[in-house]
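A, B, C and D label the chains in the order they appear, each numbered from 1.
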Amino acid sequence: MIQQEALVQEMKILAPGYYRLDLLAPGLAAEARPGQFIQVRAGDDGSLDPLLARPISLYRIDRNGGSVSMIFKAVGRGTAQLAAKQRGMLMKIWGPLGNGFAIPDAAQSLALVAGGVGMPPLFCLAEELRRARPGLRVELFYGGRTQRDLLVLEQWEAADIRVHSVTEDGSYGRKGLVTAVLEAQLRQKDYDFMVACGPTPMLKAVRQVALERGIAGQLSLESYMACGVGACLGCVCKHKAGYRRVCVDGPVFAMDEVDLE
Amino acid sequence: MIQQEALVQEMKILAPGYYRLDLLAPGLAAEARPGQFIQVRAGDDGSLDPLLARPISLYRIDRNGGSVSMIFKAVGRGTAQLAAKQRGMLMKIWGPLGNGFAIPDAAQSLALVAGGVGMPPLFCLAEELRRARPGLRVELFYGGRTQRDLLVLEQWEAADIRVHSVTEDGSYGRKGLVTAVLEAQLRQKDYDFMVACGPTPMLKAVRQVALERGIAGQLSLESYMACGVGACLGCVCKHKAGYRRVCVDGPVFAMDEVDLE
Amino acid sequence: MNEPSLEIRLAGLTLRNPVLPASGTYGYGREYLPFFAPDTFGAVVTKGVSLEPWPGNPPPRVYETPAGMLNAIGLQNPGVEAFIREAIPFLRPFQTPVIVNVVGKTIPDYVGVVERLTDYSEISGFELNISCPNVKEGGMAFGTDPETAYRVTREVRRATRKPLIVKLSPNVTDVTLIAQRVEEAGADCLSLINTLLGMAIDIRKGRPVLANVVGGLSGPAIKPVALRMVWQVYRKVSLPLIGIGGIATAADAIEFMMAGASAVAIGTGTFHDPMTPARVVAGIKEFLAEQRTDLKSLIGLAHRAIR
Amino acid sequence: MNEPSLEIRLAGLTLRNPVLPASGTYGYGREYLPFFAPDTFGAVVTKGVSLEPWPGNPPPRVYETPAGMLNAIGLQNPGVEAFIREAIPFLRPFQTPVIVNVVGKTIPDYVGVVERLTDYSEISGFELNISCPNVKEGGMAFGTDPETAYRVTREVRRATRKPLIVKLSPNVTDVTLIAQRVEEAGADCLSLINTLLGMAIDIRKGRPVLANVVGGLSGPAIKPVALRMVWQVYRKVSLPLIGIGGIATAADAIEFMMAGASAVAIGTGTFHDPMTPARVVAGIKEFLAEQRTDLKSLIGLAHRAIR
């Protein structure tokens, strides 16, 4: 675990309300794995507004460059302040936190399912797998409300990963819900494993689809956090073994072990 | 009274910890008089830290240019955030507030006495008087802890006003307390009126000196403020007529009517 | 869709909108005239008025704390006679109900102020402040014991037929007990909350910041406590409630309404930004339009959601 | 000048420094190991331990508010047997006193936990949590009535000779009454405060944010209230006090000591920044050096200033 003041290397607006932030954090980059996240203090030092750090997933881990990237959406006070960061500023962060993804060695094909800003950790995973397990077939099912909610498609293309784009309004890719497209695809093609990250209704639907077909997989959950390190028991989800902390026991859980209500 | 989002025209570090901030605020500049102040919200819009606005005196009023300037010292949370403002940013302000100085028409000579960041409103007064009453002799007694606490001396020079500089450590001008230098000077020369702004111990000493010699004058007081407009009764000082609000009944009071404990 | 109406009936009064100034943060209305007229509010709630003039506490009286502030004004006010002479003529031209916040050291003090004012047509109602933490006698003492709260409410009730609001103290173990007794005593409406008792120390000087040592904590910091008290009282009494404590945005005001308040009052939020009241009024209207609902439906909504 | 000592005696224990973790914000110490070792603190105060395992409340359990946060964890904990199995061996190697925070639904529950643990040499003392607002039975109910607080303290007192700290609830009309009765019952030290009862509403969903509806408010927002309670209790009881509530800086900790606390505990401040405890320890030391004074002289200093 690293806790540091990290230098903002770059801050980029990807689309209205969506940002990419690159931080110089060599220790963190060396330790981090896909699916992990960091706690980010959005206010300047000494500011109590916001009081708590915000959890943001790692979108890219550049071990050689000693940096990590995040992609986030400005939804409230904390992310609005993050959006005001600029190159050269310092930010207090700690991490890597959480367990990260674990793709079974036996898997030959993997379906990633992303909704909105659930995409970044999946890209991190895809990049790592392309390096570590070139034989694995990886495809992304990516849903958003409209075209501008689908981010960095060119990066997925550069990573040579097939993307099934889906928008609710049909402004890009297929029209509808990403899970409907996933289901349709599953009628033709099979996947050994599935990993999903996105809003809860989407996660539920993905699990439903996976369970019906007997495909194992993992879900990455979100939750309000206070400490982010497992001490406060604030972030728990319902798990078949009782309450489990999203910040250290997760955020990645096996599909069939968590209860998404 | 104007309340607006004002554009930062310039932000200048005058000395370590001291800043000059110029705001585009034509309505305010048109209304304001020397000795008045404005309420300044230091945080960005929506920020609750700090929660309350901070009172800052007007240092220059440029009616033609439609701007006002302040000089402030970073002493705490609010002023530290002010210090982070940059050209082009917007700041929420309201004013002009308070009564301002009133120099008797009969006065032929005026001694200004400034301690630390009590100087800015006195410069504002001096500039106005030079324009409005060129016959009036104006001199400044200016005390600070050390050389770097004496600000914009070149501006006073440009305004052709004699400055008696005093530092506690003797690093610039006379060594000692500004009131001692004032007293010494008063043995040789007389003034019809005195105006002082600075820390309370200094104000007390100035009043003592003035009362002993029968010189009338005004003091500009500071106080913690909440509303800044006279509604909350939070900023009162002890006055011979009871409690008086520094924000609207002051900040300028006749020397003999306030009780400085 | 038509522009949503913000009109609301409260304790027999018809208010143009449900947003009021919190007593003591708006004077008698004059000081904020350069920013907005008193009729920006659904009703004006005045600074506390006592029978005789009160000098208030020595300074320092206010101090900022994280997302809040402490005050120990000590209810400085010129007394009811000066109020009649100065505030009533000032407020007369505005088409807005005026609610007088009443303070006293004894029950006859409260009754005296209300008796003196009740026949003025310019006065629409009274808010009994039995919860001010910043005066030695009276004030909060009345608001922390259910029986004393009952007695002062009942005596004042006899002195006026105008709407009678009682403002409760949050510095109690169970605010619902006080609320219930005040309801039984004949109040028409409850305001909650007044300030939480707090303090701050200047570590350089090694002494309390406020001359009065302790003061009342207000502002966004206390909003969760205020909201909880509105929630609790809504479940136990049937009087309409005025939600107060830390409101700085329309979303804050809507939270209070969903917790059970029929109206809200804004204090420290106006110090933070003088345009807060106007922004809150506009924001509530926007929310209603966006959600295609009306004001009444918001009141107590969150209770119905968890049933 | 020598480096100032931060050592302090508290309820019979010698602490390396006066900074503790607030119960429930530091687990049993393991999670913060990557940031600092348990002996950064003068003593470790554990998460509440009950006789049987408690599942805690459903999520959402935490929510940020202005300069504060709400929590309704519901005292999830694996029970005293798991504590003995897992936490004691973990804490053994660190040279730091361990204070076990004890929770229960009945008096025999509290006594049971203390009896089970009192003979472990690894345990230096107990902190009775009679003030948790997030459980249906027990918890805060014990801390809001002086007689119940007296009874639970007295019964536990009989079960142990180790230092007994009682943690008081701020959700009361007069905290000094509870403090005095707890002193009479034989407590060695008082912790104050636990969280203020609060809530928040999600206006988009029209329902309370927390599944438990209400939760405990902590963080800088509540510091003025906590400080005032330490101040009041210091004047009425002679027990040493642990000041808790909103500490995020050394200056905050010093305020509590000047108000009368012999030690302080940090909770939400550690969530804000995991390095807060270390920064506070260092900052107190700096302040002592700068002011050329010692720790003991700070305790209650502000009372002496206004005499």
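As a convention for this text, contacts are C-beta pairs under 8 Å (C-beta built on N, C-alpha and C of every residue); 3 or more make two chains touch, one makes a residue touch a chain.
Quick caveat, the model's predicted, so the values are computed rather than measured.
Considering the contact criterion stated above, the chains in touch with chain B and with chain C alike are A, D.
Ranked by number of C-beta pairs in contact, the top chain pair is C-D. The greatest centre-to-centre distance from chain C, using averaged C-alpha positions, is reached by A. A straight line joining the Cα centres of chain A and chain B is 54 Å long.
Each chain gets one centre point, the mean of its Cα atoms, and the points for chain B and chain D are 46 Å apart.
One inter-chain figure worth recording: chain C and chain D are separated by 34 Å, centre to centre, where each centre is the mean of the chain's CA atoms. Among all residues of chain B, those that touch two or more other chains are 48-49.
Within chain C, the positions touching two or more other chains are listed as 66-68, 219-220.
Taken as a graph of touching chains, this assembly is complete, with every chain in contact with every other. On the side of chain A, the complex with chain B involves touching residues 43-44, 46-49, 77, 80, 84. Listing the residues of chain D that touch chain C in their complex gives 65-68, 70, 144, 171-174, 196-201, 203, 205-208, 213-214, 217, 219-225, 227-228, 231, 246, 251, 254-255, 258-259, 287, 301-302, 305-306.
The residues of chain B lying in touch with chain C in their complex are 1, 3, 41, 48-53, 92, 94, 223-238, 242-243, 248.
Remark: chain C residues 66-67 touch chain A in the complex. The touching residues of chain B, counted against chain D in their complex, run 48-49.
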